[in-house]
């Protein structure tokens, strides 16, 4: 019973079928195939605006290319201190952006505090050439803490972005969970909030290896093709990535899968929140729960798999994925309730 | 009738089935799944020696990681002037190796001339800190010209490598075609010839997106994991790459597919070599033929797809792939013969 | 009356004379001149151990080369959050180290808190390839806050360095002020405390443009020559840099100049500490004083030049240099005392 | 009797005096001093146009910053195969330009053949994202071979630059020798020929350590300040560099010194050209002469110092500098004539 990571989940059957169906003879390589061309159109439909779709195979590639596009080597990007980009990508954004600086900003519930960001930016770059040029902000939606930036908060970041003339990136590794949870549209959550670059994740939510960098701002995106190639991320048989993404956004599959995961997380939270300490509000498909070590061992002995959060000994992270079984969640709830 | 590129070919049915079969519930991510572990073992069987297998999704990633492992930022790597690494990867090797220098060396038939390389190396690096440190040689086998380095030539490069204390990389984007054509084993062609790092290609020869960097020299390879991650090339659901590679090397599928392609190329060559000019000997799965412009137009009108070689107007490249149909090759031969 | 920066000070007369004296005909370039060779010997005398001396023209070059030597591209270096390297060098360390990560750690009085560093390190790098490899610590001595790490603190960092197997760099842009203030020897303060790499500053304390990277650990330093050259920091007529450094360390000139500056700072502190708020203890040649805006304006009108500290409106920084006049300091003290 | 390198020469007395004279009390640092401000004005007078002057301490820094400004990481710069930038700077241009590619082009007499460059450019970059973007051309004037690009040739490069929409850099490490030899003005030789970026050298021709990057094209140059800082090349006491450059261009000192050197080289050439083989025409301050090994040993025994050209055993390079003595040249001529 795997609550460890949505990265460990299998591929959704419809997406796998789309891969198989794309295997019909020769097709142009490097993104000139009909699947990729169609994806470009379908994504513009989904977002209701012009955008450039860059199919990729990892979220780190999407985030790092976004950094390279938005932040010059002598620039800085502001992100949450413990965000994936700053803490879990082994310096990939810095590598792609040729040594640019990531500056961590903190806040509650795994989110950047907009007032703190504003204050930090007010004091950054004023020392001219002695300091990196503030160039971009990156927000993760939903966050690694399983929380959501509200529309109100997103509007604040849009204002900050405009005030300091910065690019705005959104790490949407779990954007589907965010949109499904928020009740708004993906357009509302992204370009209408000033997002220039979106890492649109699909792998965690049912694809095999399919992510897309969505570029809403053509000026920022103009270098993307050569940057992708020189990072080794131009897939020759790209149709097999694009086919996954087409199936993923077709008929709202992406939202249905995310909703399933969110609902299970929510049920878990509702059942236990009065008796147990949750570190963060559960707003997407992850829950962080405090449990003592003995109980952790007990749960694992019963076959529940999950991570103890790095840096702690008594916080566990539970991830609910597109294919987590409802019965497993019920068993987990009962197990936690029944451990003394 | 596609003779444009093996990159445009579909996925072999056995490999596609292996992907589908790997889709069974949760598996550990980031290469700790049983497929990747098994691949590691099977590859050591195949090569008959210790090696580290790094599953990747593009050949450019494999070549560029190899460059980063073998060549420090202040170092230089010697390769064929028109090799893929030097001419077609948009500076990816330089990017991964943080600004290291690729130095092109020429020779006949798309191959580095070993004597010229020796001479070049003798005069390089002698100026101390004013020059990049000669660090690595890269050979492409089979070459972009559809030719092969002979065992004799490979032995010469091994000696040069030892003489100058360099690392030796082999770009094996089409290594299957080389092995199938040569009649030797892959061990004979690689680590027994001093190869430290092999880009083992599978995508062009029937996989969907599956390559592997094979590291024979643990000292050179020790940084690979963090380098892969920070390049965005650590695939979370790695089992789906490893499953392809397992199917690919199972029961000699890789060699069977390559042999089919080679045989068609060879037949084409035999039928036309007395009447037409071939730019290079046909030793793998590619043929470069001189044809006048009128004939080129005529062939295209008949539905044959191929590239005119960049920089020329009368040289066409024909690529024979794992799924090229014998009947198409016969039609092509007849078409060329019958055009006046 | 300049209290703005020791960077604005002129060149000490003995050092200028040494430059003039070095101008005698042809000498070998690129560091093979007798001045540089002698400097190498004299520095080993000064430090009482083997070391490699790398004459440079800027402190940023020294710090950044030290970062490149100690921290691989996929590594991280831990420094004080507001240190010069992290805040005032426009990403130079990241550039020289090909995208490595600087991780800021805070503490009181402009110094890293060793316990906090230990705790931070304990939680860093445990996530394997997903995180940068902790590789180095950098301490600034004396700090940008005009404070000193005590021998006790330095011993703690030595232990941390050993515990986590890290390199230890000291940014000694004002090392002379630190040594003069501490009463210990420079050997005691550096390599005996585990320092592997020292940025030995001279420019601020009387040289024209002369710094040296001192390498105590040959294993860490072995790449220095090519790294220096490719950063454009190999000075052809190096004798003119080395001659400055020779004069600087001759007859304890460096300590005498630093002592003068320290003494003036100390006098200033003693005279005002009972009536005015100092942000940090004054332990070297800088004082940070709280003054209201009106008083600041008044002082400036009287001809005193100094910086208001970035991010504040009522903190002024006063720097006492090797050539600050005692009479100017007395006038400054009186002026501050007399302003109501 | 040193004919080894102008890099080994002392500092001209007027320039040394200017350094001494600049040592008068406190001055603003980092280029806001009056010397640097005056230099900016004087250089615009000299060139007769707007330009931005960036004082630096090495030619490698000037060339490499120019590469970074003109060539993006995914771009390529075309230069002479054996130029200093490509062969003698240990990859510094590639480092500063974050992994961009230098593509060597050959030609006679140490100069790029413009027709070959045109042809090379016609075939480069046509493969789109698979190739680096052709971005800049760099010419060395005078060349490392002691030759000059004629006005005619410079006009051809201007046309090529415009045809392919490239930036044009001139490595003027010995630009004084070129201008003095050509009889044209420096304006005619640089921006009027389409040069966007000039590495204006002074060190070899009498300065201590003073070069300047001259930016004629503000669009290309806009990133210069942060790029200079993060390369560690922002000199704090910049007045001492600017003072050198001011003295250097005052009253045509730079041209007078270069003319002296050129005249000696020319006399050497005239005296020996009928009896000895010169590898290149002598057009500036260097001569390359073929001599057998025995004669080389003989000359050295007589006290003449020079380099044997790397890669050869019988070609010697003789460099005539701003302070080479006429009597030494006469002795050298006689010595060569009299050796049997």
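Order as written gives the chain letters A, B, C and D; numbering starts at 1 within each chain.
Heads up, the rule we're going with is that a contact is a pair of C-beta atoms (placed from the backbone, for glycine too) under 8 Å apart; a residue touches a chain by one contact, two chains touch by 3 or more.
A quick note: this is a predicted structure, and the numbers were derived from the prediction, not measured.
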| item | value |
| --- | --- |
| Identified repeat of the B-D interface (over half of residue pairs identical), from A-D, A-C or A-B | A-C |
| Pair exhibiting more inter-chain C-beta contacts, B-C or C-D | C-D |
| Approximate Å spacing (C-alpha centroids) for the pair chain C, chain D | 34 |
| Computed distance of Cα centres, chain C from chain B, in Å | 51 |
| Multi-chain contact residues (two or more partners), chain C | 73-74, 89-91, 95, 98-99, 129-130, 132, 226, 229-230, 234 |
| Chain contact topology (line, ring, star, complete or other) | complete |
| Chain B contact footprint on chain C (complex, rising order) | 72-74, 98-99, 128-130, 132-133, 223, 225-230, 234 |
| Contact footprint of chain B on chain D as seen in their complex | 73-74, 76, 87-91, 94-95, 97-102, 123, 126-127, 129-132, 310-311 |
| In the complex with chain D, residue positions of chain C that touch it | 2, 4-5, 7-11, 16, 19-20, 23-30, 56-58, 60-61, 64, 89-92, 95-96, 203-204, 208-209, 226, 229-237, 240-241 |
